[in-house]
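My structure is below; once you've seen it, I'll send some questions.
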Amino acid sequence: MTWSDWSWVLPEAFSTFSDDVDLIYYVILWVTGIIFVITEGVLIYFLVKYRHKEGRKATYDHGSTKLEIVWTTATLVVCLALGIVSKGVWDTMKIDVPEGAMEIIVTAQQFEWHVTYPGPDGAFGTADDFEVLNQIHAPVDEPVWIHLRATDVLHSLFLPEMRVKQDAVPGRDIPVWFEATATGEYTVGCAELCGIGHTTMNGTLTIHTAADFQAWATAQAQRPRP
Amino acid sequence: MSTTEKDIASAVDAGGQHDHHEIPWIRKYVFATDHKMIAKQFMFVSLFFLVVGGALAGMMRFQLGFPGQPMPGAGILPDAMMAPTPDGAIMLPEFYNSLVTMHGTIMIFFAIMPLLVGLFGNLLIPLQIGAEDMAFPRLNMASFWLAVPAGMLMLASFAVEGGAAGAGWTSYAPLSTSGEWTGVYLGQQLWLVSLTILGFSSLVGAVNYITTVINMRAPGMTWFRIPLATWSLFVTAVLVLLAIPILAGALIMLLFDQTIGTGFFRSDVGGEPLLWQHLFWFFGHPEVYILILPAMGITSEVLSNRARKPIFGYHSMVLALISIGFLGWIVWGHHMFQSGMNPLLGTSFMISTMAIAVPSAIKTFNWLGTLWKADIHLDVPMLHALSFVSMFIIGGLSGIFMASTPVDIYIHDTYFIVAHLHYVLFGGSLFAIFAGITYWFPKMFGRMMNEPLGKVHFVLTFIFYNLVFFPMHNLGLQGMMRRIYDFTQYDFLQPLQPMNQFITLFAFALITTQVLFVINFFWSISKGEKAGNNPWHSNTLEWTVPSPPPHGNFAQMPTVFRGPYEYSSPESDDDFLPQTTPPRDGPGPSSGVPEPTPTPEGAEA
Amino acid sequence: METGEEHKSPPYMTVFVVLAALTVAEVLFALLFTGLPKFWMAVGLIFMAVWKAVLVAMYYMHLRFEPKRLWILVASPIPLAIILVVVVIQEIF
Amino acid sequence: MTTITADRAPMAGMKVYHLKLGMWVFLLSEVMFFTGLIGAYVILRFAHPDAFGEPGVVLNVPLTAFNTFVLICSSVTMVKAFAAIEQNDQQGLQKWLLATILLGAFFVGVQAWEYTLLTTEGFVPMAESYHAIARGAAEGSEVIGGPLYGATFYTMTGFHGAHVSIGVFCLCFTLWRARKGAYTAGNLGGVEIMGLYWHFVDLVWILLFTIVYLI
């Protein structure tokens, strides 16, 4: 085990909103870190300073309303501030799916991800749709809109390097979107306990350059299917 | 007063036993109606379950530390759990899922909850408010004897075909609705039935606590003279009373889905999978506070006493308790941010969640304030109480990460959550339980627990505990999911192997350390040094009676003249001032209550 | 003072008549006015149902003659019930 | 010990005796229990309106309306019993308790009969074998709604029925004790809390009947 394992730094991420998420994380990390140091520091200081000595009597004191008000409001302000900061990013990630995003359907079922592409005609439910198993392929710098579905139980689509996580609920079509900022091979995981094979339910997310993606898509579309 | 005859009547119906001639041992030790005995019964049973839960955790940790390697000595387990191979037995994923589920279920419902509510609720409430017993002693007995079969069923489910429940302690539908999906059939149903029975047990208990606290306070025990332990247990009882029935309803619907093929939570039969999560967490979040509020109360009690100083801001402590009790009902959605729930609700739930952080913070600051200019005695109960405070700070602060919805997207269902909840439930509740047991042990058994041994146990537990659970934050931040049988299946998680081994080794150390507590516990019951009525020089009523208190607790009705935390008061030469001490220039209790009428002994029920 | 004893026996029969009448009214309303929009149908029926429920609680369960603090206790779970249903319904849409 | 409560009285508490307070507290939890069930029904019905039949199409409203009336009558007999013991009228107490028991048992009986009718018509909670026919139409002619309808219907009414049945047993116990003269004008706690429970069950049915049968 190396010291880097103890790191509180988030692993690198490659989506348009990942920086905002990480920023909020680091803000919270600093805020809570400072509070942590202060409170625990005060605690230890008091333990040392006011530990029992013969003949010393504790101060008879029932507290102070002023202090109560101060730290109540302080905490409230800090918490609500964090809440407000978070709201914007949350809306971007979960609500505002960008216009003209490339649409694909990801259907989770024990214990694999079925990824359906609309094919050349760009429409689902047509003959030229094609499906790949446990692989999501997407072009870089282009928003991808995943229609997340499930056929049996709850699963959770987890793309750590994209900072994306969303449960797949049978009977619902949940919009998930991301826009990768770098090409490469990334992880697709299942984060919701979905049965005996839960642990094996992983795949790869491949981010191509626009050209490579076109090539891959056409190749897939022509691939004879059973 | 025209209620009087009715009161008598009700007392008859309530059937409390207080005849002071000898009670047959079966009524005294087995089917006991004395709240102190029932408290002890709860304690022994749930300490047993604590051991079971720890053992399950140990097996889980082994699999995570040494994935797919044969577990020494596991050959004795049936092949349905451990696949036998030439070089030893290897854990099966279905058994791992059962371990995850049952560790959570047993620890929450059969260890922490009965320890906090069953043990301390029964022991403290009547003693601290000056009552002779609970309002309904027989119901109290029923509460315990419903919990026992529930526990038996839960354990039995390991032995049945298909193994124990494997859908997580949250038992999310639709996974939990069908054995075709979990691979668990009867086990899942036993899980549901067991929890339903336990629900009845908790309900009966809650009815008892609430009635007792409202109606049976000794003269002068006004609401704002009630010790914080009892206050917290009262709020807890209200949460239990209103939350458990929701769970019971959901459990029964889920049971129907499994057995007779209804489709409440199955979309393929027209139901709503998310409905289960809403019902479960509408119960589940109050449940979280059921598991922490009594711990807070115990901590306040011990802290104020061992610091020989009045609790800082008693009123704001009480108000914080109450506001937690209210706010606890409108934050359940923060368990469901990634569940597919309407994202707009996500925001409102985030705000309410941020709001509920405030009362917890208030309590923490008040505990720190209590230590300010205090006279701190660092003995075992105090050490545990202090570690409750410091661990609860960590658990509380790490909660803010999840409260922030975008950050939660990344850390949800990762080990960061596991770390957080263990900092609250182990670092929080369990340390408070250790504090409470060592603090009230003399009241329960008339003897002190061994101090040096207790200190050794504390130090080791504290160190190992942090070495086990703190790194889990980092695992989570690296993206390691929870409830995962073999994380090495993911390439990006393989570097975490050493960290997991590190955690596992110290987890074993942590579990082993608890042997010290068991030894200390049983040794002290018989050999511990005799404790007087009031070894801690405490103010609250339970310390005015002999240890252990006799049947019926108080020789004559105590009258309360002051608050519970009058330590180092200038009014007394000593550094404590019991609630029963009349004011020097005192007329009587401020509420001006009449003197109690003497109690005729041995009246027949 | 308020101990639940010091009241004349409440108008049990009158309440009973009202309850019976409301029940009949409900059934007729539901079966005859089928033309009504579902929403107003529901509102009317629930109004009558709640009215009946309150009557039972007030007179048959003697709540009317109990101390105020008991009222507070009894009312406590109702907001929770409403929160649960309202929030989850929003969620489903 | 019988006077604990008497001399505990100084802290006025709830100003009602333990048993009554305890019963009310218990009823609060019952409220939450039915909140869970009824709430689930309302939510599911909002989510899947087409899965539920129009009032009177599948369920037999007139029969149940009559049954509702029976339950209301049983509430009256129950309060009569309480009023009787308030006047220390033992005969009246036993007479009215008996009447309540009979009415309650009758209610359960009618409900059981209703269940058998509905199931024979194919209105069952199970997902597999589900089909419901329109009242009065030919066997299996018209299928209404989905499995949720049956599931929620039987769960809610079933649990209410269970509460009534338990109530009937408790009433029998109360009657048995009344015959032994256990209750007097000064000691009617048992009767009063029995009444509280019984009226609560009635109250729940009033809401259930409206929500399940009429809306």
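Brief remarks follow.
For clarity, chains are labelled A, B, C and D in written order, and residue numbers in each chain start from 1.
Simple rule for what comes next: a contact is a pair of C-beta atoms (placed from the backbone, for glycine too) under 8 Å apart; a residue touches a chain by one contact, two chains touch by 3 or more.
Please read all numbers here as calculations on a predicted model, not as lab measurements.
Across every pairing of chains, the maximum count of C-beta contacts belongs to A-B.
The central chain of the assembly on a C-alpha centroid basis is B. Taking the mean of the C-alpha atoms as each chain's centre, chain A and chain D sit 48 Å apart.
The geometric centre of chain C is 15 Å away from that of chain D, both derived from CA atoms. With centres set at the average Cα position, the gap from chain A to chain B is 31 Å.
A straight line joining the Cα centres of chain B and chain C is 37 Å long. Counting partner chains per residue, chain B has residues 1, 3, 6, 242, 246, 266, 272, 274-275, 278 touching two or more of them. Shown for chain D are the residues in touch with two or more other chains, namely 14-16, 20-21, 25, 28, 32, 35, 39, 43, 47. In summary, the structure contains touching chain pairs A-B, B-C, B-D, C-D.
Looking at the complex, you find that chain D touches chain B at residues 1-11, 13-22, 25-26, 28-30, 32-37, 39-40, 43-44, 47-48, 51, 125-128, 146-148, 150-152, 155, 159, 186-190. Residues of chain B that touch chain D in their complex: 1, 3-14, 16-19, 131-132, 135-136, 139, 203, 206-208, 210-211, 214-222, 241-246, 248-250, 252-253, 256, 260-264, 266, 269-272, 275, 278-279, 552, 557, 591, 593-594, 596-600, 603-605. Every residue of chain C that touches chain B in the complex is listed here, in rising order: 3, 5-6, 76-77, 80, 83-84, 87-88, 90-93. Within the complex formed with chain C, the chain D residues making contact are 14-16, 20-21, 24-25, 27-28, 31-32, 35, 39, 42-43, 46-47, 54-56, 61-62, 65, 68-69, 72-73, 75-76, 78-80, 83, 86, 195-196, 199-200, 202-203, 206-207, 209-211, 213-215. Put simply, chain A touches chain B in their complex at residues 1-2, 5-11, 17, 20-21, 24-25, 28-29, 31-32, 35-36, 39-40, 42-43, 46-47, 50-53, 56-65, 67-68, 71-72, 75-76, 79-80, 82-83, 85-87, 89-91, 93-95, 110, 152-154, 156, 158, 160, 163-172, 174, 187, 189-200, 202.
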